[in-house]
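Structure in structure tokens, see below.
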Amino acid sequence: QSAAYSDGKIKIGILTDLSGQLSDSTGQGSITAAQMAVEDFGGAVNGTPVELIFADHQNKADVGASTARRWYDVDQVDAIMDVPNSAVALAVQQITKEKDRVAIFSSPASSDLTGKACTPNGIHWTYDTYALAHVTGEAVVASGFDSWYFLTSDYAFGHALERDTGAVVESQKGKVVGSVRMPANNADFSSFLLQAQASPAKVVALATAGADTQNAIKQAAEFGLGQSGKNIVALLLAISEVHALGLPATQGIMLTTPFYWDMDDQTRAFSKRFFEKRKAMPTFYQAGVYGAVSHYLKAIKATGTDAAPTVMKTMKETPVNDFMTKNGTVREDGRVLRDMYLFQVKTPAESKSPWDYYKLVRSVPADRAFRPLSESDCPLVKKM
Amino acid sequence: MTMQTRDTLHEGIVMYGGSPKILLAGAGLLLAVLAPYALYPVFLMKVLCFALFACAFNLLIGFAGLLSFGHAAFFGGAAYIAAHVVKVWGWAPEFGLIAATAVAGLMGLVFGLIAIRRQGIYFAMITLALSQMVFFLALQLPFTHGEDGIQGVPRGTLFGLFDLGQPLTMYYTVLAIFVAGFALIWRTVHSPFGQVLKAIRENEPRAVSLGYRTDRYKLVAFVLSASLAGLAGGTKALVFQLASLTDVTWQMSGEVVLMTLLGGMGTLFGPVVGAGLVVTLESYLASTSLPVPVVIGCIFVVCVLLFRRGIVGELLHRLPGKGNR
Amino acid sequence: MTTGPTDDIILEARGLTKEFKGFVAVRDVNLQVRRGTIHALIGPNGAGKSTVFNLLTKFLTPTRGQILYKGRDITRTKPADIALMGLVRSFQISAFFPHLSVLENVRVALQRPLGTSFHFWKSEASLHDLHGRALELIEAVNLTPWAGHTAAELPYGRKRALEIATTLALDPEVMLLDEPLAGMGHEDIEGTAALIKRVAADRTVLMVEHNLSVVAHLSDTITVLRRGEILAEGPYEVVSRNPQVMEAYMGTGGAGHA
Amino acid sequence: MSHLFGIPPQALFGQLLLGLINGSFYALLSLGLAVIFGMLNVVNMAHGALYMVGAFVAWLLLTYLGVGYWGALVLAPLAVGAVGLVLERTMLRRLYKVDHLYGLLLTFGLALIFEGAFRHQYGVSGQPYPIPELLKGGINLGFMYLPTYRGWVVAASLLVCLGTWFAIERTKLGAYLRAATENPTLVQAFGINVPVMVSLTYGFGVALAGLAGVLAAPIYQVSPLMGSNLIIVVFAVVVIGGMGSILGAIVTGLGLGLLEGLAKVFYPEASNIVVFVIMAVVLMVKPAGLFGRER
Amino acid sequence: MPDGMNTKTAMLEIADLYGFYGESHVLHGVSLEVRQGEVVTLLGRNGAGKTSTMRAIMGIMGKRTGSIRFQGTELIGMAQHRIPRLGIGYVPEERGIFSSLSVDENLTLPPVVKEGGMTVPQIHELFPNLRGRGSTQGTRLSGGEQQMLAIARILRTGATLILLDEPTEGLAPVIIEQIGVAVRALKQRGFTIVLVEQNFRFAATIADRHYVMEEGHVVDMIPNDQLHANMDKLHTYLGV
């Protein structure tokens, strides 16, 4: 029996950001979520113990890559999960394929992971830039806000978001009236906000991430962008960030997410457990880690081995079902299809309790949210 | 190296690398050859790449007295070049490395022409400014792929003979590159050129009055250092099969200063020891919950306050007899 | 006395002027230094001696005027190039390489003519051929017992001697010395003065010096500067009797110096 | 002529005003840096981190002690200044005799420690800090909406900058400071207590950073990394102005704020490196910086 | 003779002074005494410890033991910056002109510690070279002008005991004469002066007594009126 499991253990490595920009929305919380998933399996699968290890990739691709290699070569790790930061994720994707193991990305954004950089060994779990663009673009225009101005972080992530969202907006008969590329790591956005304010757009979209998004939102409130009739849309915003900014600054902002803690009994139950451990509600990244670990262990349980090809095959054949994902599927390119939601941040008056932040605007079904296979540039798909 | 017997006067006068150092180097080399059987090769290769980088940096600060706070530009910039020509243009790895070294050398020439006439903190600041521009380019130019970097660079076959996909082959290649780079630095330090460089570091106006065009010497040293930093960066790109923004940030420039300082500025082996320690520490700390920057910061502070000579420098100082200079 | 002065002029300044933000430190100075002589530049403090000196060695750029060396205009030539042409200066504050040994200090000056100074691939051993000549020069300034010491360890007077040895290593045709005796004790002064005299035997020396007895003893020609202008010129006997010089420089007591 | 290079002139005024606001931050930060460099010959790499500490102290005061903005405006710089005093007394002091490089390296290490420790304790998301009641809202200037708070920032920092400049360049105390930089032993031998003066100078310099931190708290998220990127730009400002030149730091800070403001309108992608381009050019033409004295 | 000479009170008493720079021991039991209103020189070869003695008085030397009393107050153990405030002024041999200060700022830098110092116009009269140069950067002055400035700024403070370390080094004979005049004038006014001098012909024109130092301690004391009688001895001491 133990022959089916390499080194008699199932070893999962959480490669995450413990010290950088993303450490609040992933980091220790991701590790906690993974631990919860393992606990829910009783710590073992078919009698084989499950072991979790973690490391900080420090947002350096080479540190991430060398950790991944060492994990696979020396520590006999079977799967790597989480991996916020696209550069690290892309490197891990390559190495995982080379070593024929499993990588499930719940935190990076780049849609290349299931596009031109797709491999048979990688799954992109929670969301990607394509989904953010499409869900937001479609749902916001459908809600009647049809002229857009983009404030875009001047790097690949921002460019991709602006390009994709813009395309959707125009395809929905909306209009992009302007955009400005904002240099990275610049704390002052007032100049760009002023340019946005001067434009006739109804929507000011933030194609930004992390600290940039936070400062932009804070300064938008300062310059009264909301009062002057602009709707702010944040293309990527985690609940930890809304919490940090507070409702006075964030009220009215629209955002896309695959998960919010207060959606139904199951999400509330999980989130309550999580909250007790971390004193914060889970972000969608962290919830995604739980789902990824569970799905992986389920597949191992079903097949009785941790050999990557078998496990990958089973994961792709089995529908994803947990508190967060309803009837999700893992596509052949590694893309997980799930429903996505557009939320709006409540006003301080609407918020009844701590962490009561979002109200649902619209939900978008899985098949509309993600890039269809027909548009995919994943080599795995073309071959077929 | 042949060491003719000299009369006693010469013996006392000439502070020249004696045989103990050669022995030490030999022992180190032997260890390095055997190391991959005991330690993880990727880790060792990373150490070697950074060691070469730190040695190149040290050539400038330790032997020419110039603090560059922008060396990441050469290291990271060359990594992009190597990654691009190997991955996209499909060049063989050896040509990739040559291209990386050459481009870094060229960048060094440009940086040098602008910065070399300034001294001390001004020099540090100009190099920093220039490297920030390189960072900006790395973020903006299409071929670098922004924050995603160039990924999945094939290691290829060296000289059409050695498959670098094999970890050990790759390791020995990296070792060979390091040894070659290190030997060049050693030779440079102990060459007629190295003598002039030292003189300039000690008293530049005097060197001018002796008829040396000091700017040119400093420029040559700068280009040499940049090229070797580039060679290190290009090699690293092949080892990790990627080139990313991390390597062009100013924090990376700071890190190489730390390595050199920790090991011992102006000593030949210091940077190697320093690089080994810092890389080990970083990979060890990655899987603990200790905050990495705090630990690194503490080391920095302790070094500056208590061990300014660095580990190797401190050892040489305690050892009886002459120092390393 | 030194070798009889020949008639040709090796270094010449024409209409040399230097202004610092409206303050004229040197005004229209015409100076001719004859080959093979020791020429002294004296004058009260602030007269512009060091400034003239710095102009001649290109450490300052003249506001106006021309400098000719062996008939060639060197007004725009770079300092390092001037040294290459055989015009070498010493510094008022000792200039040497503190962490190199005495031998290496001299060798640095000797190695330039080898033309291998850019050869970073060559071994240092290629410089060992120079040791013989270096030790000769060290001997000439009585530094042999110190040859292996780090220059920083030398006592003050010996440092000046090292500086002269290093300068001699370039085999300069013209040596410019800025207050070579300043700060020396009596025991060193005589030795150094004798050394200057010895090395001047087959070259030209231009020096700035306050120690009048040494100036009187050594120099063939003296130029007296005052407020940036030349006040008098000639041999010591003539200059020292010039009443204007006495008033501006020597004072009532004449040569008050030891 | 209603448009200037395709931009309505009102919008241009607005952008220039914003540039001036940013510039006053640069001026305040680079002033502290210049004071420290000028007096101690230390390139204070920890300046950005101490700016962050200033903002955090304000936040901590509000969150745990209920002390509001105006209290923080006084207390936080004092706290940061005190931290500076301790650093100077225990560490920096040992480095005055060695190469200036080591001061740079030490403070670089200190910056890592401060940022790392705060990040470890408070995460990176940042903490919200409200604009004080008195300065809420804004004025419509016709060409733009100017938040009152930003107006206050400009006024406050200009005042502090000018006061500092006067104290250092035009008073006896300043002369002592400058002299002590060059030759502390001799100044001591004139009967001046140099070590205390130097400690206080460092304390004052970093207190300026702390003050900038408090001023920044209501505008930016109070986060451990808020100083780390800013500091590089501020360095450039100090170098362009001429290391150690007080006036240079102030004038260049404001000037660069304006230039950056223009860049943000005409070529936003490059607004981040404008300052570095200018720095390289300035140093090539005027090695000691615009207002620097060659030493 | 100025009235200062009559009051025989000891202004400065040094007894058994040992001094160190880090590891190296440079003063080996210096003892000397200077009375109110006297001009006393320290003679000796390079490295004899003249400068070190002055630095020891000012407290700017690594470690020192023994006793230094100024008007009865013990200086050893006193905080460095308080020593000058007792009325001691020091003109260092390297001059110590500040390049970041203008000439005027240099001149007015040392705080006035006692009444009776010179005024700026008086100083300009004594050193005409300094007149009109007030806004020039201190170190742009010529070497000799810097020396004048270094002396001048101490005269302003009203210090009653002035330590002058090689004030004539690098100065033109006329200026040396002027400084001689200045020193005599100061003596008239009751100042006490300790002078380090290589140029003992100059010293002879102004001093009351000469202490000769060798290897870190005082080996002899020669009153000025017995200088001629002791010329040979002096020559051996100084190696002339």
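The first chain written gets the first letter, and so on, giving A, B, C, D and E; residue counts start at 1 in each chain.
Convention: a contact is a pair of C-beta atoms (placed from the backbone, for glycine too) under 8 Å apart; a residue touches a chain by one contact, two chains touch by 3 or more.
None of the values given here were measured: they were computed from a predicted structure.
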Q. Chain by chain, through touching neighbours only, how many steps does the shortest route from subunit A to subunit E take?
A. 2
Q.
Measuring between Cα centroids, which chain is at the maximum distance from subunit C?
A. A
Q.
Among the chains here, which has the CA centroid at the largest distance from subunit B's centroid?
A. E
Q. If you average the CA atoms of subunit A and of subunit C, how far apart do the two points sit, in angstrom?
A. 75
Q. In whole angstrom, how far does the Cα centroid of subunit B sit from the Cα centroid of subunit D?
A. 33
Q: Measure off the straight-line distance from the CA centroid of subunit D to the CA centroid of subunit E, and report it in whole Å.
A: 44
Q: Go ahead and note the Å separation of the Cα centroids belonging to subunit B and subunit E.
A: 53
Q | Overlap residues in subunit D, where contacts from two or more other chains coincide | A | 116, 119-120, 269-270, 272
Q) What residues in subunit B touch two or more of the other chains? A) 140, 291-293
Q: Specify, in ascending order, the residues of subunit C that touch 2 or more different other chains.
A: none
Q.
Can you work out from the touch definition every pair of chains that touches here?
A. A-B, A-D, B-C, B-D, C-E, D-E
**Q.** Residue ranges of subunit A in contact with subunit B within the complex
**A.** 18-19, 28, 53-63, 65-67, 69-70, 73-74, 86-87, 90-91, 93-94, 110, 112, 117, 154-157, 159, 184
Q | Touching residues on subunit B, where the partner in the complex is subunit A | A | 40, 42-43, 46, 139-140, 145-149, 151-152, 236, 240-242, 244-247, 282-283, 285-287, 289, 291-293
Q) Which residues of subunit D touch subunit A in their complex? A) 11, 14-15, 18-19, 21-22, 116, 119-120, 123-128, 130-131, 138, 144-145, 147, 149-150, 218-221, 223, 225-226, 229-230, 261, 264-265, 268-272
(Q) Per the contact definition, I'd like the list of subunit D residues that touch subunit B in the complex. (A) 43, 91, 94-95, 98, 100-102, 104-106, 108-117, 119-120, 232, 235-236, 239, 243, 269-270, 272-273, 276-277, 279-280, 283-284, 287-288
Q) What part of subunit A is in contact with subunit D in the complex they form? A) 19-25, 154, 180-188, 190-192, 194-195, 197-198, 210-211, 214-215, 218-219, 222-224, 228, 240-241, 243-246, 248-249
